[in-house]
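Heads up, the next two complexes both have subunit A, just with different partners, subunit B and then subunit C.
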Partner chain A sequence: MDARLRRVNKEIADCKNDKTSNIRIDLVDSSPFHLKGSFPGPEDTPYQGGHFEVDIVIPDSYPFQPVKMKFLTKVYHPNVSSASGAICLDILKDAWSPVLTLKSTLISLQSLLCSPEPNDPQDAEVAKHYTTSKRSFEETAVYWTKTYATPPAGAADTRDEVAIAGLEAAHVDQFEQLGFPRAKVIDVLRRLNYRGANVAQITDDRIVEELLK
Partner chain B sequence: MDMDDFKVAPKTARKAYELEYDSLSQAAIEKLMEQDVEHIRGIFGVDASTASLLLRHLAWNKERLIEQYMDHATKMLVAAGVSIPEPEPARPSRRPARKPAAKSPKSETFVCPICFDDAPDLAPLALDCTHAACSGCWAAYITSKIRDEAEHACRCMAEGCALVAPDAFVRAAVDPETYVRFQGLLVRHFVACTPALKFCPYPACTNTVACPAAASKASLASVVPIVSCGARGIAAPSPSSAGMSQSQELARQATGKEHKFCFGCIIDSDHRPVVCGVALLWLKKCRDDSETANWIKSNTKECGKCMSTIEKNGGCNHMTCKKCKHEFCWVCMGPWSEHGTAWYSCNRYDEKGGVDARDSQSKSRASLERYLHYYNRWANHEQSAKLALDLFAKTEKKMEEMQVTSALTWIEVQFMKKAVEEVDKCRMTLKWTYAMAYYLAKGNQKDLFEDNQRDLERAVEDLSELLESPIEPENIPTLRQKVTDKTVYVQKRNTIVLEDTADGFLEGRWKWNVPVDGFDQPENE
Partner chain C sequence: MKVTVKHWHAVAQWRWDTGAAEPEGPDAENEDVCGICRVPYEGCCPSCKMPGDDCPLIWGECTHVFHMHCLLKWIGTPASKQQCPMDRRTWVTAERKVATA
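And now, the complex of A and B:
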């Protein structure tokens, strides 16, 4: 039997038998080389209570080259792209070792959620938010977890775009009242990182200037 | 005139624009590596494998290695992946790295932690760290490292283990073809770590050139290190050459393009007389201005008299309009009659026009036109050099004709080939003189430079025209005489241009109108 297939089958079986780790690996279609992993958000973090799904593609040269993983669930985290779910983690690149398994890699992702690395960001905007105001960042991450990662997903129309962008409702209202479209205000304030101590540093004129662009 | 005139003067004295260099084969480089390994082995008293891993770790810097090893031998061995970090004193491994895994007791069957195979005939392998895996997995892992990642340091497969597989282990694990690749990677790493060595940039060539005179960045401001690795042609077999007989193959190798490149900036052409810094500036400018360049490069021009569109498909600049028979110069578009006489101003940009360009608009127009002036001539020579290939084929045919129509022997018609080669070489020089002239600051030096450039250009165009002229049996002796004379003259003009610029760099005579690495700032005008 093909060594890659044997190894993947064993990894999937091992994961099924392991009841303690809470990590699941499921087939997406009939191919054993395209999988879906999932794990609960780590406790005592903004991701607690969430259920995170990861797309797994096993390359031809596995296990000698790393697996390709990205988040299917939207995650608000400095090392995960908020748009594509791409992950910045060393073991998925040059620090990969053939003895690592799908399960151990998913556990590493879980612990990445516990300890963000804002100095090596995948998503620069989120990383800026994290370094500017950790409290505000955590509120947004909790909101994202509730909105996107909670099993009976919240109805789409009740989503609060302001909270998703990690902004204060009062700030958005203030500029919306000047006559700018709400979506545009949210976009500009998010881009300028209008949060925490930065609020005092960015003048209203600057924001209006950006809004008029 | 005798054929002896064509012989290149024996290289007794090196010309100012030539540098001393050596061409080395892969085997010669391997020998150099071996010498370094032997040296370190003798000093440290370790085995050859350990010594070479240590050298590779410190980028073949022997002095730094000796210094650091004397201070922290253990730390160095761990960092180089020779030994595992242990509290006990470091002991350079004496055994070959292959040994059965001590971890799993013999009673239990071995299960490979990578592929989970447990067949009884599995041969577990491990480095000194005893992280065992089956031989198949090791082979696949090391092959993937070498072939996919071009990595020569294959670390142990276990997570966090930094031990590097020694050469003997790699050799035993992979197929011979991959091992050859591995040796190639080691040679490339060594060459990349040594400033006085550069790999030949031509595809599939494995030679290296040593040129200590151009090893430092500072030296590139005064010399143009054009070198050749000694090989010719492209070694990779092309589909068309598959049917070649052995003698044809030998002929191709003998006549193929010489592997000439610049040691300083690794571009695969001869950019003499201009130094690397200026050559790079110019190439970058040409790329940035590609829109304009595209427009100007379009190969057609209009006849100055009847406005017919004309495409140039030969090497000579003397154009005759098919329709109205108007004779003109392809470069300046002026009538050719003016070129035959004493004055020839085709290569010089008339900067007087720039003086009255007061307002910014006409100034920027002037600067664009100035650039286009030089670019035009640069691209023209490049195009002509490309057409030289056609010219070469045509010339070969002509040479055959000559052997048939006249009493000349093979050796006596070689003057045509020599002339074509000389034209090609000089066009290369001319091409780069325009890049140099574009950046030269105004003044006497530039005027002198452009005088030399003009003389060479005129000579090359004359010779180029001679080569295109039809061959009549009765005029062959005169043609031969003319071509031979002209070739010698062109050769001399080319040497003058190259020598004068090279001397200028050594004397610091050239001043630029832009800041160039390694030169003084330009004076503000």
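And now, the complex of A and C:
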């Protein structure tokens, strides 16, 4: 049997037998090289209470090449792309070592949620939000956890687009009343990082100019 | 009662002398595996068929142990940067004094 298959099967079995780590690895289809990992959001973080799913692809030369992982669950975090779920973490790139396992890598993702690295961002907009106003960033991250990472996720109709963008309703209302579509206002304010101390720095004219583009 | 032994099988067991204590307890299975292929040291690396002298272990000066073939394969990839997979120190193979009785 091929070495990669043997190691992966062993890793899946080890993870099943380990009841203490809260890390799960499941098959997606019949292939053992495409898996789905999941873990609970760490406590005392904005991700607490959430259930986070990760897409796992085992490359041909595993374990000599790093496993490919990205978030399937939307996560509001400076080192995770809010659009694609792509993850910026050294061990998934040049700091990989063959002694790392699927389980230990998923545990590293879980701890990445505890300790954002805004200076090495995957999502520059989210990182800017984090460095501009950590409190506002955390509120948005909590909202994303509630909206996207909490089973059952049946609340699709009641999603608050303003909260998802990490903005304040009063700001969005203000420009919407000028006659711009709400979605456009949200998009522009998010891109301009209209939060915290930045609100005083960005003139209304600048925003209207962006809205007219 | 008189017993006559007509036939007997000798059974021997061997282990690599990794310097580690005899494995014990529920984690014993995990502690004595090569960190790269996850096969016990006394088994062989995935490219070999027979355990033993043809598939030996290799020791680093950092004291970490692997199947020699697994470690050499890792060191041969550019991603390794010639580092020990366990501690990322530059890999230096340790000289082992083989005790000969």
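One rule holds for everything that comes next: the second predicted complex is superposed on the first by the 212 of 213 C-alpha atoms of A that agree within 3 Å, B and C clash if a C-alpha of one lies under 4 Å from a C-alpha of the other, contacts with A are read in each partner's own complex, and residues count from 1 in each chain.
Note that in this section a contact is a pair of C-beta atoms (placed from the backbone, for glycine too) under 8 Å apart; a residue touches a chain by one contact, two chains touch by 3 or more.
Owing to the predicted nature of the structure, the values given are computational and were not obtained by experimental measurement.
With subunit A as the common reference, the superposed partners subunit B and subunit C clash. In the overlay built on the shared chain, the residue A:39 is in contact with neither subunit B nor subunit C. In the superposition on chain A, A:144 contacts neither subunit B nor subunit C. When both complexes are overlaid on chain A, the residue A:10 reaches subunit B and subunit C alike.
Once chain A of one complex is fitted onto chain A of the other, the partner contacts of A:194 are absent, as it touches neither subunit B nor subunit C. Which of subunit B and subunit C touches more residues of subunit A: that partner is C.
Overlaying the two complexes on chain A leaves one subunit B stretch of 40-48, 130-138 or 472-480 clashing with subunit C, which is 130-138.
Once both structures are placed on chain A, subunit A residues 3, 6-7, 10, 61, 63-65, 97-99 are touched by subunit B and, in the other complex, by subunit C.
The touching residues of subunit B, when paired with subunit A in their complex, are 113-117, 131, 133, 136-137, 140-141, 144-145, 148, 157-161. Residue ranges on subunit C touching subunit A, taken from their complex, read 30, 35-39, 46-47, 70, 73-74, 77, 79, 83, 85-86, 88.
Remark: subunit A residues 2-3, 6-7, 10-11, 14, 61, 63-66, 94-99 touch subunit C in the complex.
Subunit A meets subunit B in the complex at residues 3, 6-7, 10, 61, 63-65, 97-100.
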